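Each structure below appears as structure tokens.
Two complexes are shown next, each including chain A; its partner changes from chain B in the first to chain C in the second.
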Partner chain A sequence: MKASAVHELQRRQTRRTTVVLVVLFTAMLAMMGIRVLLGQYTVTIPDFFRILGGERIPGATFIVMQDKLPRALLGAAAGAAFGISGALFRTVLRNPLASPDVLGINAGAAAGAVAAMYFLGAAGTGLAWAGLAGAIAAAMLIALVSTSLRGAAGTAGIVGERFLLAGIGVAALGQATVVGIMARLTTQNAQGAAVWTAGSLNSSTWDRLILVSVVLVVAIPAAVLVHRALQPASLGPELAVGLGSHPGRVQTAALGLGVVLAAVATASTGPLAFVALLSTPIAAALRHGRISVLASGAVGALIVLAADMVGAEMLGDARLPAGVITGAIGAPVMLWLLVQQRRGARS
Partner chain B sequence: MRTSLRVTPWVTLAVAVVLLITATAASLFWGSRSLEPGTVVSALARLPEILLGQDPGATADMDTAVVLNRIPRTITAIVVGAALAVAGAGMQGVSRNPLGDPGLLGLSSGAAAGVVLGLGWLGVHTSWQIALAALSGSTVAAILVFGISQIGGGAPTPIGLALSGAAVNAGFVAVTSAVVLTNQQVLERYRYWNVGSVSRTEGTDLATAAPLILLGVLLVLAGASGLNAMALGDDMAHGLGVDLGAQRAMVFTGVVVLAGSATAIAGPIAFVGLLIPHAIRRLVGGDYRWIIVLSMLLGPILLLVADTLGRVVAPPQEIYVGVTTVAIGVPVLLLLLRRRKGMSL
Partner chain C sequence: MSDPVFETRGLSLGYGPRIAVSEVDLAISPGETTVLIGANGSGKSTLFKGLSRQLAPSTGTIRFNGHDLEELRPKPYARQVALLPQAPLVPEGLTVTELVSRGRHPHRRWWGAPSPGDDEAIARALSMVSLEEFAERPVDELSGGQRQRVWIALVLAQDTPTVLLDEPTAALDLAHQVELLDLLRGLRRPDGSRTTVITVLHELNLAARVADRVIALNAGRISAAGTPEEVFTPEILAEVFDLEAQVVRDPVEGHPVILPRGRRRICPTAPSRVM
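Let's look at the complex of A and B:
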């Protein structure tokens, strides 16, 4: 192939990337608009801008400023955090199923929140902080277990497999804690705990939104940089070191960043099942199989916004938390991924 | 596998019987309320009269009541432990996969979804109706997990099977939470049922489940020689004249019946079905006839020990057996998987 042809190919690829990103972000903004303006309580576009301008319209101002707008923004922010986290996990662990929600991070957050509810009587923001602590504790436990597994197994087993095993174990422990404590809560708390552990945008407040946004502002550029630095590692450790990269350090940084993003998102919305798992392959499919941090983030935001719209507005009287909707969509997709993976391994 | 650990099956059997008797005694004598051994013995001595209704004053005495309460709990632990361990052995044999466990592969959450749907939509309430709902749920889950793992051909890898179990699990959890979040009464019953426990089973539940469990054990036991042949590979088994399809179907039915009925009376309990057959394989080797027989003894021992531990760890609170088995099971699972050689059957 001539040099000019290679250049042409690269240029086309870059253009496609830009187009995909622009389309995804436009779709995300449109979905946020739909979430705020439509539904069982509709707001007209002029009214919306008058509310944003500070005008007080009885009823509408309250619903938009206290419920719909923070809900849409937090949904987008948390979804983006889950999506980016999923992309980082998948790139490092090189397994489509290695995502923070399969590997105990969500279960750890749920265990932390439910434990705080039972032992400390936590509620509201307290639950968010407890969830954050639980998620980070789970991540540390996984890291600890998977490094100790390496010590024993020698060179056998790749990073992904050890991490997966430790993650499945930690997920089982977190699950057992949640179930054990759920049976001890009072009736009222049990209802709250069930909603929290399913994951929902019901308690979207501006405080939480600010927390997630601050983390995202720092984490998005960091994730793009780390993801770029990971590229040499995908060529294999020997070649990566030869190219002057430090795969170990970069991989640790990427996983750490992924854990922080997943933990913060989980703390603010509860463990929304499968968002991290789903957004990466969907975004990759749009880009001919190449994993992109930004595209995954946008897809994650879209999934959460759509799931919340369906759960809260489109099921009539039964208002379901967004996490139930994502879980119901996620299970078949995960199974499809497994089948794909087996086909890939065979061919 | 380290051969130095091998002992003859008969020795293991004798040791297991002794251990089972010890564990049963421990379950009767220890609890969150500490009693003098003499009190327990005298209460047990009065048992025949109490059962015949000739000792009406017995339940008025607090200590005797506590002992009487521990008896159904102990029996449940024995029955459920045997059912789960045999189910695990059968499942590991059929799938030729060391991660076969009713909890890990989503059968328990399938049963849970069945129970919740039954409670919420079909209005079931008697114990045999709940058992039926749990059975149908675990059947659907089993068909899904194994059906999916067959797509693409060949035997699924242990991790592949565990992950499809996790996916099926998550799907059923979504169904379950959709129901319990919209129905307060179902949530109330579900959250107690969902934590595995042997302490709330009543005599009628046991009477419903016991024949089913017996049937399941017999089905798996009848397929034991078939499982031995299957362990050699499909071609070899064919050569030995084994009707693979029929044997598989029989063991599979047995496993689903065992897992479903155990879950119906005690709620989801993970890791018993996983750990016990593994431990036995380490001790006596891969003959499924022995694995199944010993599972019937060692499963109850694990469950009795886990339940007794949960009672004495933080009195007067009790930790449910569904939690203690996971706390014991996860480290052991990781240890087992660490040795990749130990994973092959």
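Let's look at the complex of A and C:
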């Protein structure tokens, strides 16, 4: 066999990945365009560029600059953050159900926000910060529980079944906290809390968009690098060490980055259910099961944009938060993934 | 005799309080094929974990080419010594070529940029295990034996002077076992010298056929080491495997052939079962 043949095979795979990425990014941009221009209030393309250029068109400028544009951008950014986070979790934990939303990162964020609302009277941006703190606290709790639970082999580590079990436990704890506090809130506060814990783009502001964008500018290249560094670890810990990698360290870094991404996204939009869980299997299916952080991020952005479009514009008077829509789609897909996984285990 | 590749002194390895390998002194000469034998749980895999730096010595030292193993950085070490563990994991969706290319990791920079020798090494590895036709096939679709050859190719693509293989023939039929062992014995470095191969094998007759040196482990200690003729004697087989066996010479190749007669009974009055 010739080296040139190997080179050609490798190049063909790279080209397929590039095609998938280009298609997904085009679709994401198109979806953002649809979200901004269409709906109950439509904006023409020339008007949109005039508004971006600084021209003031009564009514339209306000709606585009204060609602539609930040909403589309934040939806894409948060969706991408959830999607990338899901891809990192999936690669490290090797389980399609092991995503930050199932493992209690989102539940921790919701618990943090609701607790801040009840105990500190937090509102608006304060809720977002409390959500961030809650998500990080949940991640630390999972890490603590899974490292202190020693496996039968006597080796402690943050990766593996114990991490999944600890995550599911923390998710239950977070949800219980939310329900417990919600029962004590005044009706008005409880309504606000309910919207936040469902997750929505209704309060998309430029402030929040800046927070998520700053994180993404650093986190996307970091995620691509750390995902590549996970390649030896995905062959199992022994072969990874044999290849000169530090699988434990790389996996910890990947999960940490995944937690930060999920936490920041949750802080800005609320815990949009199942976006992290859904993105990776969809993106992976486009590349025969290969996981790509960029593709997962683009799919996450598409899901959030589409869910927001459906919830806010396409259901007539029943305006539903995006998180309700993603939850409604996500639950059956999660069941389907469970069934697939059982099949995979049998074959 | 040239300086040993690996040299251990008083090496003990264990998991927490449980010691799996104790007080092992051993020297592996360059270019030799060394086969580790021993019953299940005798410490073979643990010894491999020590040599491949999965497990730090509890006591004693491991030296590699004269350097203490602890002093060496992981990536340069992975360019010297490759390891094939017993049960590596197949990532989803990869083709044979993509999986084999993962063996190039130690030759790449930290951000994963391909190294200049990659294509050449991958092509050579695929040819050596006769997987050229499967180069573009998804690994999930291959049979167990083909998949095992993919793993061997990954280790060969790592392109190291020394390879450690933990039961590399486990999933193979007899013809492929013989083919693989002949391949491993015949491995050559680009400069023409022989690759140093250290492998765990359960099939004693194949071990006798391929090994330059056999090391027999029993309960974490070396109970015999030497040429196949020296190690494969009825006395040592009885001690290491509790096996009653007769040893004859292969009429063509001359190496010892083990003819098992039964499991040695701990209690001498019990009737011995003939296999």
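Note that the second predicted complex is superposed on the first by the 335 of 347 C-alpha atoms of A that agree within 3 Å, B and C clash if a C-alpha of one lies under 4 Å from a C-alpha of the other, contacts with A are read in each partner's own complex, and residues count from 1 in each chain.
In the analysis below, a contact is a pair of C-beta atoms (placed from the backbone, for glycine too) under 8 Å apart; a residue touches a chain by one contact, two chains touch by 3 or more.
Everything numeric in this text was worked out from a predicted model, so none of it was measured.
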Chain A residues in contact: does chain B have more, or chain C?
B
Please indicate which partner A:Ala183 is in contact with in the superposed arrangement: first for chain B, second for chain C, both, or neither.
first
Does chain B (first) or chain C (second) touch A:Ala3, or do both, or does neither?
second
Thinking of the overlay built on chain A, is A:Met334 touched by chain B (first), by chain C (second), by both, or by neither?
first
Both partners, chain B and chain C, contact chain A at residues 153
Considering the complex alone, what residue numbers of chain C touch chain A?
15-16, 18, 49, 52-54, 74-79, 81-85, 87-89, 91-95, 97-98, 101-103, 105-106, 110-112, 118-120, 122-124, 126-127, 132, 135-136, 138, 154, 158, 164
Contact residues on chain A for chain B in the complex?
97, 102, 145, 149, 152-153, 156-157, 161, 164-166, 168-173, 175-177, 179-180, 182-183, 185, 187, 190-191, 194-195, 198, 273-274, 318, 320-321, 323-324, 327-328, 330-332, 334-335, 338-339, 341-343, 346
Complex contacts: residues of chain B adjacent to chain A:
104, 148, 151-154, 156, 159-160, 162-164, 166-168, 170-171, 173-175, 177-178, 180-182, 184, 187-188, 191-192, 194-195, 270, 319-320, 322-323, 326-327, 329-331, 333-334, 337-340
Contacting residues of chain A [partner chain C, same complex]:
1-7, 9-10, 13, 94, 153-155, 225, 228-229, 231-232, 234-239, 241-246, 284, 287-291
